[in-house]
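You will see subunit A twice below: alongside subunit B first, and alongside subunit C after that.
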Partner chain A sequence: MSDRPNESFLARLDRIDRRWIFLMMAIAVAGPIIWVGVTGRTFPETATPAVQGAFDAIERLPEGSKVLISFDFDPASAGELQPMATGFIHHCQLRKHRIYAMTLWAPGSPLIGATLADVIGSDPSYRYGENFVDLGYQAGNEGVMKQVGVDFPKAFPNDSKGTPLARIPMMQGITRLSDFDILISVSAGYPGGKEWVQYGVSPTLTQGHRLPFVAGSTGVQTPQMIPYYPVQMSGILGAIKGAAEYESLVNAKATAPGETVPAKYQEAQRRMAPQLFGHSLMVGLILVGNVIFFAGRRKGAAE
Partner chain B sequence: MGRNAAAVLASIVGLVMVLTAFARPLEFLGTAVVDWFNVLAAIAFVLGGANLLKMNLLKISARDAGWGYSAVTVSVFLITIGVGLLKVGAHPDPLHPDVALSGDKEAVGGAFWWLYEYAMSPITSTLFALLAFYVASAAFRAFRAKNTAAILLLGTAFVVLLGRVYVGVLLTSWIPADNAWVSWLRLENLSGIIMGVFNNAGTRAMMIGIAIGIAATSLKILVGLDRSYLGSSD
Partner chain C sequence: MSQLNAPLHDPAVERRANRMMVVILAIACGLLALRALIGSSIGSGADAVTEHGFGMVYVQESPKGFVSEVAKDRAADGTEVEVRTWKPAAPGQTPEISWTEWNEVTAGEWAAAQRARADAPASAPLVTVSWPRTAGVWFAALMTLAVLSFLWRDNPVYKLAESVVVGVSAGYWMIVATWDTLVPKLAGALVPAWTKAHLMPSLESAGVDWWGLVPLGLGMLLLCRLSARVSWLGIFPLAFVVGTFAGLRFVQNIESDLLAQVATMFEPLVVVKHQALAGADAAATPPIDWAGSIGASLSAVLILVGVLSVLAYFFFSLEHTGAVGGAARVGIWYLMITFGASFGFTVMGRIALLAARLEFLFDDWLWLIDPSGKH
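For the complex of A and B:
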């Protein structure tokens, strides 16, 4: 029983225990996750120009192009960024590009191995050292970005297993960043896409050719990245929504109509359902909060 | 004397970096300086680790409030660093099945993998995921249309929140998508306009302002007018 019997419904709602809100959010997120898991259904996605730009930048490269992808995130952001990394690797695999994976975030190193194993691990046409390589982690943030711009082997003398780059066939001819055909950064913050533009991509302009650059970033970071699109960046995947749009483009290319898409290539699309209910709940809570606010203000003015 | 020497060194290094951006023949000097930076960055990890140990050990020895958490931090830090330094590998190694723990140190089943997969990954993911709950609670209690600025902020938040998910498409699907005069009113397009025009303009203004500020501060460091980065002389 309420300790304030004459209190109005809205006033009681204003004092609601925040654990009820936590519970509502838990249901709003868990319900759709279970629903998607059971039915396998996802919402249709239409690619925005920035996502289409990212897709086209990888798509237009000739087969066997050299793609450097930097996994600049950690498990905390993997929920949002891992589907992007998986999508980029999957797309590169479909286009038979050579994949050079690296990270400037120490916790990102195991994510490289897991992603490569997950996507191209069972593909016999992809051989380690010839078609893909895991360069692992290097400390130094922007320092590494600047160094790979002028002397790549100095920044990464070995791959993640300690094999010297000179013994890795696909590293032959790689002397600096501009030797790659495209740079992809999947980043959750500093150092990430913004720093890659400033210290990695921009200097290639003075070297006679602008390195095409594509980025995937968290929702929080995306507004800082948008000013670089479309001049310094060919495309950008913003948050899980951008990842879902990119997945739908890659899956449309990879699978015939009616063919089932493996769940691992639909992770971002599957996460759009909890995102929808989570956002809707937020909007609902804000509306209810404001109804309470205005009702309280009107009551105060009347008194 | 020491501070003067450090300021002069910083000036020289800064000038070298500026020059190498414009003079290709001097690129080797810039590479050398970046090498030093990378070495310093690696040393910072050691200093960071030492500092973490010092702070937490002091807390444990003084039995400060929450010293138990410090004990957990120190224990896990030492375990992780031990696993990393000793390069404890997965077992068995396909190449050397008779040698214990000699496999790839990051391979599935290894000690490092176990720590990453079952400790670090779930802990950091959980902490990040908790944001959704706190943001929802804060939105309910604090996001009020108290004045014009707050109303604008609320409207923008609604459009972006709804425009980034399929509910936005559903709510405004009645607006013809092929009519350029009205299609921008669809929530998904409106969200894109907010992000690409209004947000972009604001972000660019801030970025240009920050860049000018950095240039001015850098200039002061180069000529030795700003020495605050050296810390106190005490």
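For the complex of A and C:
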């Protein structure tokens, strides 16, 4: 029962408790999660040019190429970025590239270990120090980026376990950033993809060797990164949608038609159904809000 | 403003919301009890058993043992040094160092180990419930719910969660700053031998680096801000930091955000794309890709119009009337579309984070879904 019986429907809608909106959003997101979790179904994805560019940049490198991947995020943003990090490592493993993982975010260090263990931990052809290395965290933000540009071993004297780089076989010949074949940044903010363009990639342009660069970024950060594509960046995974598109490309390469894709490689794709219903609700609420606003303004003008 | 706040301060609405929250909490508690009572079917076929409860983590022990070998090597300066390398101990060999790792296993593997326990040899690895990790899952789930409870209203449970996050973060960052900055970069530069012997055995150092005195001095000056009498001394390190960053960023912003972006503007407005041909037709003149050409040309024109019109909007030396006014209005549209796209991306990011938390609650805690086959 309404406390104001003469009130119009739109006026009552205008006074709606915001907690109803929260409840609707919770249902719109939770419902599809349970549906996808029970049925195992995901939506098909078609890669946009920016995501295809990221995929092609890694794909076209010859087998055994040196890939530096920076995990510049923390568990708070792992919901968006972990599927990208997993996808990049999975793709590099399929192409048999050498993986050099590092982070400029202290909480990113355990995420490197967990991702490497999750994706290539059971692959006997990938041996630590020869095919992949965890360089861990290094404090200094842009200072580290500048340093790796000119003297990589000085910025990272040890790996994450304290082993000197000189005793890690795959570090032989790595003296500076341009010795890598591609740089990948999965970033949630500062320092991240934008700073890698400024302090990592741009200096290599003036050195005459453009370092291919691919980024994965959060939804909040993506609009700032888009202007760098396609000249300063070969590709970008924008938010969870970009991650889902990239997953579908890598999974199509990794599995034969009809073969079951492991659940850990479908994390982003599973989150697209909640996106659909959550966004539909948002659009509906914006439309309703506008109707209420204009109806109220017309009523005010009439009075 | 008062209209915006009206629903929250309407006593009738508040009463209704409180009643509803009590009902929702009661239903949630009832569903949790029901969930625990129903339990989960673990295993398959004839081996399937029903396990009551949820949010459990199971682990299997994995003993590790290593022995060392010492070999002679030459250091960079030519001196002979001993290098100790470690390798896993062979079966029957007594390890010099050993420890036990506990690796997570699925509920099905745990159930199978329980059934086979009677016939298993004494040396079989132990599979058991990990109570610390189980407590971790429950703590994470309850903290998630505590933070989400703010959507109802500010409350003591939310305050507790907020305080825990702030306190843990402060402690975490203090430890990180100590062990990743102060010890290796300051103590490691000024007293490397002592640091390597007492604090950080893995420290790689070429000797004392007296440049370490500069950050030490600047850091001490920064602490002067704690005293009102000498707080002015703290201005110098701040000036150093601001000046250094201004110089660094000025150069890189000019290079990557101005010059490189301006360079990308010098693109042809009319783009002609050709379709890729393969096989026997590869040598022939490829036909024009009309859709791709029109799209690329349109994109180039839109970017040029966007850049010029937004610049016109931010150009305040001329009054925004006539042609300049028209261009500025187009610029406003471009800005609004950009803000809309940013808002859309932000919404996408926030929904993804919410989905990740709900997945954790439904999967790791409540065992309602099992996409990765853990339960």
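Details
In this section, the second predicted complex is superposed on the first by the 302 of 303 C-alpha atoms of A that agree within 3 Å, B and C clash if a C-alpha of one lies under 4 Å from a C-alpha of the other, contacts with A are read in each partner's own complex, and residues count from 1 in each chain.
Keep this in mind: contacts are C-beta pairs under 8 Å (C-beta built on N, C-alpha and C of every residue); 3 or more make two chains touch, one makes a residue touch a chain.
Remember, it's a predicted structure, so these values are computed and weren't measured experimentally.
If you put the two complexes together on subunit A, you find that subunit B and subunit C bump into each other. With both structures placed on the common chain, the touch criterion links A:279 to subunit B and to subunit C.
Shared-chain residue A:22: touches subunit B and subunit C both. Once chain A of one complex is fitted onto chain A of the other, the partner contacts of A:34 are limited to subunit C, with no touch recorded for subunit B. When the shared chain is aligned, no partner comes close enough to touch A:99: not subunit B, not subunit C.
Once the two complexes are overlaid on the shared chain, A:249 sits clear of subunit B and of subunit C alike.
Legend: residue contacts after superposition of the two complexes on their common chain; A:158 is shown touching subunit C, with no touch to subunit B. Residue contacts after overlaying the shared chain place A:168 against neither subunit B nor subunit C. In the superposed model, A:182 lies in contact with neither subunit B nor subunit C. Using the contact criterion defined above for the overlaid structures, shared-chain residue A:231 touches subunit C, although it does not reach subunit B.
Only one of the stretches 23-31, 59-67 or 95-103 belonging to subunit B has C-alpha atoms clashing with subunit C in the superposition, and it is 95-103.
Within subunit A, the residues touching subunit B in one complex and subunit C in the other are 16, 18, 22, 25-26, 29, 76-79, 107, 138-139, 146, 161, 203, 206, 222-223, 227, 238-239, 241, 275, 278-279, 282. Looking at the complex, you find that subunit C touches subunit A at residues 6-8, 10, 12-13, 16-17, 20, 151-152, 172-173, 176-177, 180-181, 185, 201-202, 204, 248-249, 252-253, 255-257, 260-261, 263-264, 338, 341-342, 344-359, 362-363, 368-373.
By the touch rule above, subunit B contacts subunit A in their complex via residues 21, 27, 30-31, 34-35, 37-38, 41-42, 45, 104, 106, 113, 116-117, 120-122, 124-125, 127-129, 132-133, 135-137, 139-141, 143-146, 154, 157-158, 161-162, 164-167, 188, 192, 195-196, 199-200, 203-204, 207.
Touching subunit C in their complex are the following residues of subunit A: 3, 15-19, 22, 25-26, 29-30, 33-34, 36-38, 40, 76-80, 106-107, 137-139, 142, 146, 157-158, 161-164, 197-199, 201-203, 205-206, 218-220, 222-223, 227-228, 231-232, 238-241, 262-264, 266, 270-271, 274-275, 278-279, 282.
Residues 16, 18, 21-22, 24-26, 29, 43-44, 46, 48, 74-79, 107, 109-110, 113, 138-141, 143-144, 146-147, 150-151, 154-155, 160-161, 203, 206, 222-224, 226-227, 238-239, 241, 272, 275-276, 278-283, 285-286, 288-290, 293-294 of subunit A are the ones that touch subunit B when the two sit in their complex.
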